[in-house]
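Following are the structures in question.
Below, chain A partners chain B and then partners chain C, in two separate complexes.
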Partner chain A sequence: MYNFDVVKPTRIADAVKELSDSTESQPLGGGQTLIPTLKQRLASPDKLVSLSAIDEMRGVCTGEDGSICVGGATNHATVAAEAGGYPALAATAAHIGDPAVRNRGTIGGSLANNDPSACYPAAALGSGATIKTNAREIAADDYFQGMFATALDEGEIITEVRFPVPDKANYQKFVQPASRFALVGVFVAKYADGVRVAITGASNDGVFRWTEAEAALSSNFSADAIVGLSLSGDNMISDLHGTGDYRAHLCAVMTKRAVTAAA
Partner chain B sequence: MAQVSMTVNGKAASGEVEGRTLLSSFLRDQLMLTGTHVGCDTSQCGACVVHVDGQAVKSCTMLAVEAEGADVATIEGQANADGSLNVIQQAFQDHHGLQCGFCTPGMVMSAAALLKDNPKPTETEVREYLEGNICRCTGYHNIVKAIMAASGQDVSAIAAE
Partner chain C sequence: MPKDGGIGASSKRREDVRFLTGAGNYTDDINIRGQAYVHFLRSDIAHGTIKSIDTAAAARMPGVVRVFTGADFEGVGGMPCGWQVTDRHGQPMQEPAHPILAQGKVRHVGEPVAAVVADTAEQARDAAEAIVLDIDELPAVVDMKAALESGATKVHDDLNDNLCYDWGFVEENKDAVNKAFEDAAHVTSLELVNNRLVANPMEPRVAVGDYAKGTDDSTLYTTSQNPHVIRLLMGAFVLGIPEHKLRVVAPDVGGGFGTKIFHYQEEAFCTFAAKACNRPVKWTSSRTEAFISDAHGRDHVTKIELALDADNNFTAIRTETHANMGAYLSTFAPSIPTWLHGTLMAGNYKTPLIYVNVKAVFTNTVPVDAYRGAGRPEATFQLERVVDKAARELGVDPIALRRQNFITEFPYATPVAVEYDTGDYHGTMDKLEEMGDFAGFAARRSESEKNGKLRGLGVNCYIEACGIAPSNLVGQLGARAGLYESATVRVNATGGLVVMTGSHSHGQGHETSFAQVVAEMIGIDENMVEIVHGDTANTPMGMGTYGSRSIAVGGSAMVRATEKIINKAKKIASHLLEASEADIELKDGAFSVAGTDKSVAWGDVTLAAYVPHNYPLEDIEPGLEETAFYDPANFTYPSGAYACEVEVDPDTGKVTIERFAAADDFGNIINPMIVTGQVHGGIAQGIGQALLENCAYDENGQLLSASYMDYAMPRADDLPMFAVDHSSQTPCTHNPLGVKGCGEAGAIGSPPAVVNAVVDALQSAGTDVTHIDMPLSPDRVWEAMNG
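Now for the complex of A and B:
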């Protein structure tokens, strides 16, 4: 790792100021991806702005409209323990990485990184969540813009993520056992105005909505509705863990399992 | 360089560190607490697990400055006051929960974190909790058995497969 300075502001405004000065700076959430990245010298910031001391960015609460609000610097273990108002979200958080990773990794860090195999992007897109930053609110449908790409500007910080709570939901992850990331993960959520299906781990474009399955499930919320539907493996991630076609097949399998578990 | 202060195994500890200094490096190289092992250095293997404010973390993937003011517990602080092994450590010995011993500090610290939150875990819960702790010798069976025994449960029915 190249050396860098670390600052630990206690307020969002101060963190934004630290990130906007002339130095090459980067926000630090729980560091469970960023620190390994720095060790590999894939990034070399002059300054890390730790978000760990900002109390206003931590914790889980219920909004006036019943949605579950998670502070951007809230770790996965806390979401698993405290997001009981949205059980599928709590269960998703409870199976990210391993227990020690869940004690450090944060929701804001995960969504800002937008790893194509991470769990939280599927939960956020599958729930139609709102990503709140220091500057604005971004709908999940506009937020995810491809592998490791998001709508965030330089120096913009995710301060909160707001999840509308569905009638039924479930997340099914086919675990890649070495990394504990999703080989394919499917988040299904049934809302009054329709069903959302978000898939992580599969596409070269990162997390995406399987709109064909959404339409079928919106009229018939059962695993049978998926029968006959399939995705092409052409633009799927293909690596030593699985081919594109294999991942495409898993998308349908895991969607069925998620619907069955949610129904 | 920055000054960092924390409590380690109940005693005040401080030192000068760089921004990039990992908690594992601070513990091992500056405090000379080399019981915390660094196996993979990529946050996969769990040999470096310590407790920070009561939570299990991988100390190779946390900056020392992030532990400023924290209460840190390492394997060196696990033994009883008279120096004898604590319940978990003794169970690892009794049930042959280690062979080479490299992963053991992380295993014991993870086990302690698990039993603090879940005093009577099922075998499945123990195995799930250890997903981030890799052992290349034992095949895990005796580690799981040791942790079940440390929780006061009867392990006679847990066979080595």
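Now for the complex of A and C:
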């Protein structure tokens, strides 16, 4: 890694200021992607602004509308332990990476990075979550903009993520054997106004909603409802671990399993 | 009754105390005052001509001591190859030059092109980034068959082509084998890939070179399985340092699996640079560097054919293999697909006629050499796959077909030049059938099917050849080294012993099991015996540890040296007891006169040897120290039978191993617990090869699986509990301990069991899948089912 400075502000406003002071500064969430990137000398920020000492960005609570609110700097282990009000979200967090990752990695870091194989983007999009930043609130449907691309502006920090709690939900992850990221991960959530299905790991465009399955499941929330539905493998990731067609097939398999597990 | 110490006892591994408490002394723990650090600039291009290397800016960077390029090594020897294979036509293999730093061309991603020595590792790395490297990219040679087409781009311009050798074994049998195929009632053929692997020992390679100007002595600390071999190769062939001015130390080593046998450029560089810079020079490999510079394993593409007569007796085997050598010949690379592979092609079966053809090919990839099993897993895999396929084609039980063709009389001379001394293949298969509960398989299969899963059972046998020997034979086969082992036993005045062995422990537990042998022979407590290894300055010339040879060859040398000690001690005892030497007996650590109650303790005899006041000085010298070199008469031949039961999820293609049983015959056992551990580790690696590990290059010679993000190592939750048994014991007939070796068995025996099981599962669902190439990753299995 190259040399850089680290600052550890305790208030959101200070973090925002630190980030705006320099164009070469970068926010540091849990560092589960950024630190390995730095070690490989693939990035050279002059300053890292750690978000881990900002108390107002940590912890899980229940909002007035009953939604589960997760502070942007909350690590996965905490969500797993404390988001019991939304069991599918807690279970998703409990299976991200390994214990070391779960005790370092944060929800804000994961969503800001938007790795196309990460779990949290599926949970956020599948729940229709609201991503709160220091500047605004962004609906999940507007937030994810392709592989590693989001609606965040330079220097904008995710301070909180609000998850409306569904009637039923489940996340099914089929792991890539080496990294154990999602080769395909499907988050299904049934709300009063319809079902959402968000898929990670599969598409060249990052996490996406399978609207055809959502429509079918909204009228019949059972695995049978999606029999015969399929996705095209054309724009799916094709690599050492599976072709686009294989991933497209897994999308349907994992969706059915998530529905069965949730129902 | 479990034994309390000595041969056959499951003594706890004494070395684990330091390994598990962070008190080990690994090469990276060695830091010498004034030490500098080297960073290697490695090619990120698979094949190209070096137009220029501009090191001027790098040389001016802070902390830089010196920048080296290939030009600094003109006149220095290249990396030597330790085995010369002679081809089908009696010609020696093509052997390219292998420079320490690239000369003129780069030939694989990861090849070191330049090296920066600096005060700190970070400074060295910073400066390496300032080197301006201009390489004209050439087409990369990756696919072996394309590499052999006429007009193919050549990896080495000064060689005729990309063919290292075209080896036929046994060439004189070729026509008879072909005739047997013409006469066969049934022929089963199979084309398969033995996937390329990266060894991935937990400890990456490290080298520290040191030079004493005052005495002109060089020292290399290195992560090696065989420090004496490194001293010989590097001293004599690379750097021209006489062995008495060169010391090589391999301290605690965190796993080798074959990849730390070989002499590497980084070792020679650090030794050379320490003298050139007059400072100790250290290199610690990153994991990324390990992927692109540690010798890889396997990488064979094979067609095997099995001929059977009308009664299902095997009549002939014919194979054609393309073996990837990579860009250069690693130290023992040519021997792996030939003498360690072709000689095992008979397996456990009395097939009378066998012909093995191997074409070794140069490609723009990392050199390939021995990896746990080395040649024997490749032989076992193809043989046990084709036998399984034959059983399916013939509609006969795969175990019955194997049993029908088992070798049952020993010694048995195979048609591929080796003679098995002992074995009991029905015995291990009987044991396996008991352990595997094959009778209950049908019920387990229906239970799986109720859950929407497919269940398969795969069985296979294996034969291994360990303790490659004897030296005069392997010399005729092209080895440029002897394959004996050595031991010096030094008894101290107060009765404790230090055994200096030429073999090397890098996880095998020699410090425990070797001590058990000596303690048993003398009848003393194991804790009175210390095992020393890994330093050329205090151990006799030895060939190191690989090929499951240590107890069979190194242990035998130790037994011989201990016998000499006992013989001399008896002379001393007979003097002290005033009895005839012929009447002296050694039991439980005391010498006694047969038929009397007169005795003298071990410690009294050892004290007399060093304080020779009452001592037969006219007949024998004082002191009690003996050395023995042991050159075995033959290989040893461990064997066994393995069974794997899998569940396959037909919706995803995911394979789960539900049961795994291994029945091995290792001859006599020194420490059953250590043997069990060796088998467990071997099976884990074999399952890794079968299901997970895939070292893959793209068409440009870029390594696609260059990190753990894409190279899947087996993890505990990928594996079931193993049922392991080694109670079937047919002792080796030609070494003093009757031992055979157990280090590689698990890695050899397990891949075919896994693949056989998956094919069985898929066929149970009515598919016509007869083979899937490893690793059997979910996508491959699903595609085989749905292709």
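Everything below uses one rule, namely that the second predicted complex is superposed on the first by the 262 of 263 C-alpha atoms of A that agree within 3 Å, B and C clash if a C-alpha of one lies under 4 Å from a C-alpha of the other, contacts with A are read in each partner's own complex, and residues count from 1 in each chain.
One rule holds in what follows: a contact is a pair of C-beta atoms (placed from the backbone, for glycine too) under 8 Å apart; a residue touches a chain by one contact, two chains touch by 3 or more.
Remember, predicted model here, so these are calculated numbers, not experimental data.
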Which of chain B and chain C A:235 touches, first, second, both or neither
neither
Which partner, chain B or chain C, touches more chain A residues
B
Which of chain B and chain C A:134 touches, first, second, both or neither:
neither
If we overlay the two complexes on their shared chain A, which of chain B and chain C does A:174 touch? Say first, second, both or neither.
second
Which partner does A:250 contact after superposing on A: first (chain B), second (chain C), both, neither?
second
Quick check for you: in the superposed arrangement, does A:35 touch first (chain B), second (chain C), both or neither?
first
Once the complexes are superposed, what residues of chain A are shared between the chain B interface and the chain C interface?
178-179
Can you list the chain A residues touching chain B in their complex?
1-6, 8, 28, 31-32, 35-36, 38-39, 48, 50, 52, 77, 97-101, 103-104, 178-180
Help me check something: in the complex, which residues belonging to chain B touch chain A?
2, 18-20, 22, 41-44, 46, 49, 52, 55-58, 61-63, 65-66, 68, 110, 113-114, 129, 131-133
Which residues, counting only chain C, touch chain A once they are in their complex?
125, 129, 288, 651-652, 654, 691-692, 694, 696, 704-705, 708-713, 777-779, 782-783, 786
Interfacial residue positions of chain A with respect to chain C in the complex:
40-41, 174, 177-179, 183, 240-243, 246, 249-250, 253
